[in-house]
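Each of the next two complexes has subunit A plus one more chain, namely subunit B in the first and subunit C in the second.
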Partner chain A sequence: MTEIVLPGDRICAAEELARSKKVILGPGLRRENEQVIACKPGRLHHKEPNTYWVDNHQQRYVPVKGEAVIGVVTAKAGDIYRVDIGAHDQASLSYLAFESATKKNRPDVNPGDILYGRLIVASRDLEPELVCVNSSGKKGKLGVLMDGFVMNCSLNLARLILRENCPLLRELTKEMPFEIAVGLNGRIWIKAKSQRETIALGNAILAAENASYEEMPKICENIGNILFS
Partner chain B sequence: MRETPLSTIERNFITQAVKQNLRLDGRKNDEFRKVTINFGADWGSALVALGETKVLAQVSCELGVPKSTRPNEGIIYINVELGQMAAPHFESGRNSELNVQISRTLERTFKDSRCVDLESLCVTSEERVWLLRIDLNVLNHEGNLIDCCSIAALSALLHFKRPDVSIIDNDVHIHSAAEKEPIPMVLHHYPVCVSYCLFDDGRLAVADPSASEERTADSALVFGLNSFRELCCLNLGGTTLTSSTLLLQCATRAARRAKFVVDYVKETLEFDKNAREDNKNTGFTECVRLNQITALAENRLSLRLRNFKMQETNESKKDNEMETSGNEDESEEEDSDAQKNVVAIDSKSALLESNQSNIKWVPDDDDAESNVESMCSENVADEGDESERSLSQQVEKQMRKFSKKESKRELSRKHLQHDASDSEEETKVIL
Partner chain C sequence: MSAKKVRPRLSKGILEMKFMQRTKAKVDKEIEEAEGREMYSQEITQKMLNSNSNYIMEPSFVHCENLIEGRLSFRGMNPEIERLLELEQADKLANTRHEQPTEVSDKDMASFYNAQQVTMQKKFQTKAQFKAKRNNVEKTKWQNKKARFHKPQEDDV
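And then the complex of A and B:
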């Protein structure tokens, strides 16, 4: 069951629970003395045993440590790259933060390239910092994205796509083969066989913004029909 | 705030897609976006939307002193406001290059073409004339600001009525609307701008470019045309090769588009006039009620395969339940016309209610027809070759003027060089 909350609403359920045990407050919720107050409008979610958060519609990205984002390289500055991730400040990315990069073996990254990276520093006072390797020094899925297309979407759509029970991508794979990288900063990189298919794919994803899970297969099927008819 | 940089892959994608006659928002290369015009309750205020680009125009007037060189003519100012509301990277209060370019192009189309009868704005010669001011507020920038601004300026000018004056003992008395009926503007012809972007080394022209296309394109091409297919202004920005055939082809298409737009402006004006006569509600509040100008419209998807509308089809579904499910598509098409009106009126509520209904993508015939009108090149012959020829002559004339200027410049440069070499020789001689 979901409940709609507005900024300033008191979340009594969380307060009740806090008397007996610890409660984790997620995004959109704030503690003021003994009260739990919503600071964003949206749907209130609760996950057993003790987590509460508000899922809201938002366009502006606020960096969070550990999130995977898509950015555009804007400049090379000494030994770091400047990357626009749509946040308050440009993120920095060291050239050593790539797989098997050394001082002599620099990665081939140029201004204008699209990167898929992970945030390791995200504080409101510091500039965010990206890396393109995981903790074991491997690149995994991170790195420069070639070809395809990048589109902007709202942050909740990006989160929606990545949810485990979301049928959108599963249904889309039935229609056509494609590659996708979803940045939690509201940027989605897609690549299909042809330009037309890529546009169709983007169209289907953006159309899912206000659709329910039951409607998503219909949207995908429709797009598929238009594409191949 | 800095403008989000356009990545290389976006650039490549757009240029490659354009070569296949594909565009991100589902249009063909020579298709235009849909124009909607809404008039305010006040005289001379118009809100024009070209796709998602929105411009609010307001015409106002005051009495002032004429220029000494033209003592019996009124004066027009055109002011374009590009603030943060248009796009976050614009800085208000600073005259950016784009701002200057738009206002200069509009001045050329409206002032230099002398479409407004300035002499009718004179109250007493050398003393008092009307100073007209066209304020264009850009509310949203999604590309092709010039077209949108020009349509807004034209519709606001046509909608505007200035108060009547009478001169009593050398004293000008301005009558309020209640005392005397305000006087509409006198326009000799109706010019609008139509712009194209050139891709692929000037081989491809893309009509009505969106913001990302404008940033990707090699150069921009702006035609100022009136409904009589007369050229008022021609602007070639950027650097690319162009062929004269492409230019002429664009010019003829632009002329047809200009005629279409002007007809549409007239039509909406007529509609507004009738609504006022019937004492119906007019103005933006009414538009909000009809959900014509709200920001969150349904067809805002930035990526589209074709011009499709999200449409509720729960009615047709009911119909289909009675029939066999096989001919679903047919009834879909039949119903689409009847349902279109319903969707247009309360499409916003449809957003919220979409959970209960069945959403389908239905071809947007309305748009297609209005846009295709300008596409079919077979009709060129029907419209009379003479006008076509005259237009091409005009374009050529403009081009020639331009090239003459260039050649003059070159000549003068040569002269200068000549002089320089002469003087050098002289100096040599002296030395």
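And then the complex of A and C:
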């Protein structure tokens, strides 16, 4: 059950629930005293037991602490790298925020490189800060992305791909082996065995933006047929 | 007449002394806190101080929509990432699988431990208790039988 809300609309269901228990307000909702008001136009979602959020179409990324994003290194400035993540300001990335990096042993990162990093500082008054290690100092899945191809898309598509029940990646896997990094800032990095396959993969992903879950297998199949015929 | 007892202030001279350093730090902190409270007293409303709101703000979609991690690899494209994914999957399975099939039913286990308890109790009872119990307990069939000499049959020998 989804409902369209506009900025300024009061979310009475959330207010009702808040009288008896805790309510989690996700993106697109804000609280004015005891009123819950939508601040973005979009579809109101509710997840049991107590979460409400608004899913809206958006291209501009607003950094959020803890999210994984794809950035392009634009400059090396002393101890930090400047990374463009498509937000209001360039993110900074310390050269020590890589696995096994020390003052003497600098990571090999150059302007123009593509990075998959996690935001640890995201405030509207400060510049965002990225890291390429997890809390235990291991790189995990973060780090420089070699080769491949980056495309920009809406934030919605990035989230769509990452939903647990989305069949897109599962269906694409049947067609070809590939590697993907989805940044929540609306950037998708893909890499397949050949250029042809990479382009086909990119097209399939972009075509899936407005497709329903039922249509996705068909899109993937079509791409596969074109590729290997 | 004030009910509160005003704590005596230590003089500056004493606080400067070497053995008073810890007290000095404490006093300084108290003064600082008092100044801070005064400074923001205009901006902090009573509501902010004693409001226990039922709302929690969550700025990220990741938790709302249960998004998965965005770095994936399929069919051996990047073995390093795939290994990590496998480990994660195994972790997830281990966390979700609470109920393991049992070989022994709960009832059986209860009766077994009950029996164990009786056995252990026997070990710690005194001789008097043992005898008393023995007299009280109804004797089973074979205990009731009086021991008697049975003449062996001829072909047994």
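Note that in this section the second predicted complex is superposed on the first by the 229 of 229 C-alpha atoms of A that agree within 3 Å, B and C clash if a C-alpha of one lies under 4 Å from a C-alpha of the other, contacts with A are read in each partner's own complex, and residues count from 1 in each chain.
Note that a contact is a pair of C-beta atoms (placed from the backbone, for glycine too) under 8 Å apart; a residue touches a chain by one contact, two chains touch by 3 or more.
Not measured: the values here are computed from a predicted model.
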Could you figure out whether subunit B or subunit C reaches more residues of subunit A?
C
Kindly classify A:Met216 by the partners it touches after superposition: subunit B alone (first), subunit C alone (second), both, or neither?
neither
Looking at A:Gly86 after the superposition, I want to know if it touches subunit B, subunit C, both of them or none. Which is it: first, second, both, neither?
first
Would you check which partner chain A:Arg196 touches, where first means subunit B only, second means subunit C only, and both and neither mean what they say?
first
Contacts for A:Ala158 in the overlay, against subunit B (first) and subunit C (second): which applies, first, second, both or neither?
second
Partner chain in contact with A:Ala68 - subunit B first, subunit C second, else both or neither:
second
If we overlay the two complexes on their shared chain A, which of subunit B and subunit C does A:Phe149 touch? Say first, second, both or neither.
first
On subunit A, which stretch or stretches are contacted by subunit B in one complex as well as by subunit C in the other?
none
Subunit B-touching residues of subunit A, taken from the complex the two chains share
72, 74, 84, 86, 110-114, 145-152, 195-196, 198-200, 202-203, 206-207, 210-212, 215, 218-219, 222-223, 226-227
Tell me, which parts of subunit B touch subunit A in their complex?
2, 4-13, 16-17, 20, 22, 24, 26, 301-306, 308, 310, 351, 354-355, 358-361
In their complex, what parts of subunit A are in touch with subunit C?
18-19, 21-27, 30-31, 36, 45, 47, 51, 53, 64-68, 116, 140-142, 158-159, 161-164, 169, 172-173, 176-184, 191-193
Where on subunit C does subunit A make contact in their complex?
53-78, 81, 84
